[in-house]
Amino acid sequence: MFRYIVKRLLHTIPTLFLLAVGLFILVRVVPGDPVLAMVGENATPEQIEGLREQLHLNDPIYTQFLTWLGDLARGDFGNSVQLRRPVTDLIMPRVPVTLTLALLATLLTVVLAIPAGVVAAAHKGKAADRVALSASLVGVSVPSFFVGMMLMLVFAVNLRWFPTSGYRPLSEGLWTSLQGFVLPAITLGALYAAIVTRMSRTSMLEVLSQDYVVTAQASGFGRRRILYRHALKNALIPIVTVVGLNLGSLLGGSLVTERVFNLPGLGTLLLSSIERRDYPVIQAIVLLVTLTYVVINLIVDIVYAMLDPRVRYADK
Amino acid sequence: MRTSELTDPTSTAEGLPEEEAPPRRRAAVLRELGWMPLAGFAVVAFVIVVAALAPWIMPHDPLVSTSTQRFAGPSAAHWFGTDGYSRDVFSRMLLGSRVSIFVGFVVTATVLLVGGVLGLVAGYAGGLVDSIVGRIVDVLLAVPGILLAIAIVAFLGPGIQNVCIAISIHQLPAMVRVVRGATLSVRKRPFVRAGRAVGMGHTRLLLRHIGPFVLGVAMVQATLGFADAVLYEAALSYLGIGVQLPEPTWGNMISEAQSFLTRQPLNAIFPGLGLTLLLLGVNFLGDGLRDVFDPEGRYRS
Amino acid sequence: MTIENAPVPAPLAAAANGRVPLLEVRDLHKHYRVHASRWGGRAETLRAVDGVSLTLYRGETLGLVGESGCGKSSLANALLMLDPPTSGQVVFAGQDLTRMNAREMRRTRRRLQVVFQDPYSSLNNRMTVGQIVGEPLVVHRIGATATERRDRVAQVLDSVGLSARDARRYPHEFSGGQRQRIGIARALVTRPEVVVCDEPVSALDVSVQAQVLNLLQDLQEEYELSYLFISHDLSLVAQLVDRVAVMYRGTIVEQGDVRAVFTEPAHEYTRKLLAAVPGRRSRDRP
Amino acid sequence: MNTPPAPLVDLGNLRVTFRLSDRTVPAVRGVSLTVGEGEAVGILGESGSGKSVTGRTLLGLLRTPPARIEVDHLRFRGEDLSAAVTRPGFSGQATKRFAMVFQNPFTALNPVFRIGTTLCEVLVKRRGMSRADARRAAVDLLDAVHISDAGNRLRSYPHEFSGGMQQRIMIALALALEPEVLIADEPTTALDVTVQARILDLLREIQRERRMGMIFISHDLDVVSEVVSRVYVMYAGRIVETGPVDELSRRPRHPYTQGLWASAPRLDRYKTRLPAIPGNPPAPGHAPPGCAFHPRCRLATDICAQERPEPRPVADGALVACHHLDRAAQERETV
């Protein structure tokens, strides 16, 4: 087990390294002079030169890269060009917002989508199955920002059940804070719930066609017991993987949702940084989210390996 | 097509023991698919025709004010009403559909070509080639969901060309994976071994025997990719980093309408419904294709 | 233990006298690296084929029997260069296949063919029977014109008991036994000298098995073939082969004239195999 | 002059039809069989003959629909189950009497449960044992199928066993239900010869010691004759011949059975041609009218194509369904 985890960890290092190289290069191949783009057309030569110094742009390219990597390793993402503050200070207060949103949406997915998929598979071809399938097909077809806007129109603007936008920190009370997250979480969760529903259904159907399900039948167990004890445990193994991986995609998706509801998360910071061409901030957010995603993948892989007792011989 | 093979899973699922299951007929497969893929195809075809004809069938100039009234509701002159600059929403939607369809086709074609070839070569050649392609795919997959597209656009700048590049790069790993997986599994099938034993060269094996089997799976992925491209273009434009105003796309129309959501929600609802309808159509079509080409869902990504 | 230091039974020595070796396998090894578990673990070497030497003489049928996992399929794949061996030689008509480049090997395949076990998945079911059987002709540029190739396909279909009309049909329209005939036709269309039959009838019903076995015997005469016949079924091997080699854990533990080996087995494992054949213990059929 | 006791299982004229999306497929077209107390019978047939469907029907494993089951009667120790067997949910009732061993032990055991869990679940839920009792009983069961170190092996997962061992576990699982009839569907087909021999020994031993009824389904007469005393030969969904295994193997009467025996390769004949039956067994739903075997039969006449032969009693309680029994017997003498 330990050896597996180490091996898996070692495998992610080159991936992360290549990604860092990619990000580093991207900034340098941006059309036009990035410094000019950052400081604006009206900057004085002194300002430009100062920024070049600050970004170590006058050093040889590999020194620049190594310096940058070294800073990253110490958790120093540099300074925001326009806001003249450490990137870390800008990012940190926004992490809880994005994380809360992603976790709430995941919760929604787990609570709704897995049972929906399992029930649909258990009643394949019947009404429940058709409803679940249609709902999930609609779910993957409606753009999430449109869903968010419609939810806002109905429940916030017309019914006034929830605030239209904005973020209230936990210090204002749990419920107040949560209220602001309800619509965004549903918005974000809808798409992933649709995906997980289909996935759970497929996984369950596959398991139900296995021989050991017939064995359970031949042992005289009832339908319920076969479904929820014998089949479900097998079906859950791939489902857990998908849910885990989706948590990562949710981090990406939340960037859009935050914009719809104007939540002060990483997404809104990313978009405003793009508008400002604040490359250090963009780099930092991409790296941070990616790192989180990679760590989640790692955990999912390990959990998967623990859930499945079958030993697989090297088929890779 | 697997449906004719003796071990057809759908028959056994219906309760016939495997060895006594008769082969399923192709006609039966088509009948079971029902109306959904057809309806999907009809919708997609309709939108494509509309997008192609947009400049000639637009009732008004979509870029300038053609009404005296801002935020007007639907009327005979302006079917979908007018927006904050009193422009005709219907005409703007017709013009916007061109962006969706254009991005959809360009991205799908690029990904199918580049990803298909990379996946086929990686899966067939194995070894070092496979490792290199695999590493690239790993790196691209390490960035979650839409963030990759956003990041690329962030550095390349907005505009329809960069949107296409960003979405193509985002979709590439999924296509490579799917095609590579299908190639690997077909390569292991006995008839390919039989081909090698007969003395066939790589080109013949790839083009005559492996390619056709992989193509079905790749087409399914491409259809889903089309939906994905339409969705991502809309999202990027909605976020303001895709296709820029004043050129209308369904995404930036929704974005523009959001500020005045309480005043005229229809300005967001029409393009939103347009997107939903198109995406539903593509997904219906993709589902149907998947049932035909990949009934066991082995190559879903 | 390999054949060189195994005691050579008298009938084998007699059989070898004055006969031409067509395919010789010399000290063949095929090793795979496997990992003990999904958790990584140390890679171990699996010696699937561990020093096998065999000789197939012109015009004979050599049987290779063994249980699953004994390495007989790995041996077949290795000697056909579908999965090249780790070490050793495969000498076919005086040439070492392991030293051939890809081009030479492909050309040689025309003379060294194979019939696979599974008649369902070994045929590409998107191609017509005519295309499947005719493809080796195209690959090896045999036959100047399409008509000439079509005639040759028709002729070989006829000799495996199918008709020229079947060339336009697809594999899924045929039963298992008929599909195996298509597989045999594909193997024979290039007029090979050696055909490796890898469990060719194990997927077929008993009543159909006999037809295919008889067909293989007829074709051996008609086309002057030499067979390497791989099977797990001892009764079947008894019925068909001249000499037999018994494989166990990657090595040949015993080989010789089939009647001699099966009536007076020298090796413990062969005795065990023979004793396990069902019906031997309780049956007294006439 | 007392009447013989009712047989353990008495199945009369079973018909099973599958309704697929585009057609209906008759898989079993009239099967009658009996199993006596402590008797082992075999069902012999090629692929598509309906032998597995027959076994699965008795266990209530067919889904209805798409399957439709009809019987004239099904009696278990005189108890009438005719109506129950045709309805969904029969497996609950069936598994009090029947248990099944399947062809492929590799896939028939749930991979995520330890085998102790699998065995104990049956013992607790179906036999009402306490957990502690179930554990002891599970150890006994593994002992009974000759798996050594049973106590520790209960903690292992299925994949940690070899194929032969997995089949032993499947047999133990079937025995856990204390069945009165064990249905074994090609239980050794997926195994090697040497392993097969040991599993057959085990099945015979268990069947005799426990005086269980057994229905052994196979395509191989040699395998069947190791275990059973009476054989039913099936062709295209019907029974064409039945009789004691010795009689049937020495004196097959139906041309199909004769052909099958003759075409099976044998260890005691070398380098010979086999007298093969021409043609192929029909796929389910494609059986020709009359006697389904007639297109492949060397004795067939016009009547064979038109009229279905009824099973007729011949010597020693054997039944044969053939229009040309006399000629078949004659020709056999001359072969």
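Just so it is clear, A, B, C and D label the chains in written order, and each chain counts residues from 1 on its own.
FYI, a residue touches a chain if its C-beta (ideal position, glycine included) is under 8 Å from a C-beta of that chain, and two chains touch if they have at least 3 such contacts.
Here the structure is a predicted model, which is why all the values come from computation and not from measurement.
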- request: Sort the other chains by how far their Cα centres are from that of subunit C and give me the top one.
  value: A
Pair of chains joined by more contacts [C-beta pairs], A-B or A-D: A-B
Task: Give me the ID of the chain with the smallest distance between its Cα centroid and the all-protein Cα centroid.
output: B
Statement: Distance in whole angstrom between the CA centres of subunit A and subunit D is 54
Statement: Rounded to the nearest Å, the gap separating the Cα centres of subunit A and subunit C is 54
Intercentroid distance (Cα basis), subunit B paired with subunit A, Å: 21
Query: Taking each residue of subunit D in turn, which ones touch at least two of the other chains?
result: 47, 283
Residues of subunit A whose C-beta touches two or more other chains: 310-311
- prompt: Which of the residues in subunit C end up touching subunit D in this complex?
  reply: 67-68, 175-178, 205-211, 213-214, 217, 232-236, 238-242, 258-259, 262, 272-286
Statement: subunit A partner, complex, touching residues on subunit D are 59-61, 91-92, 94-96, 99-100, 102, 104, 107-113, 121-122, 125-126, 157, 159-160, 170, 173-174, 176-177
- request: Sort out for me which residues of subunit B touch subunit A in the complex.
  value: 9, 12-13, 135, 138-139, 142-148, 150-157, 227, 231, 234-235, 238-241, 251, 254, 258, 261-262, 265, 268-269, 272, 275-276, 279-280, 283-284, 287, 296-297, 300
- request: Can you check the complex and tell me which residues of subunit A touch subunit D?
  value: 210-212, 214-222, 225, 230, 233-234, 237, 307-311
Statement: In the complex, the residues of subunit C that touch subunit B are 80, 82, 106-110, 113-114, 116-118, 120-126, 135-136, 139-140, 170, 172, 176, 183, 186, 190
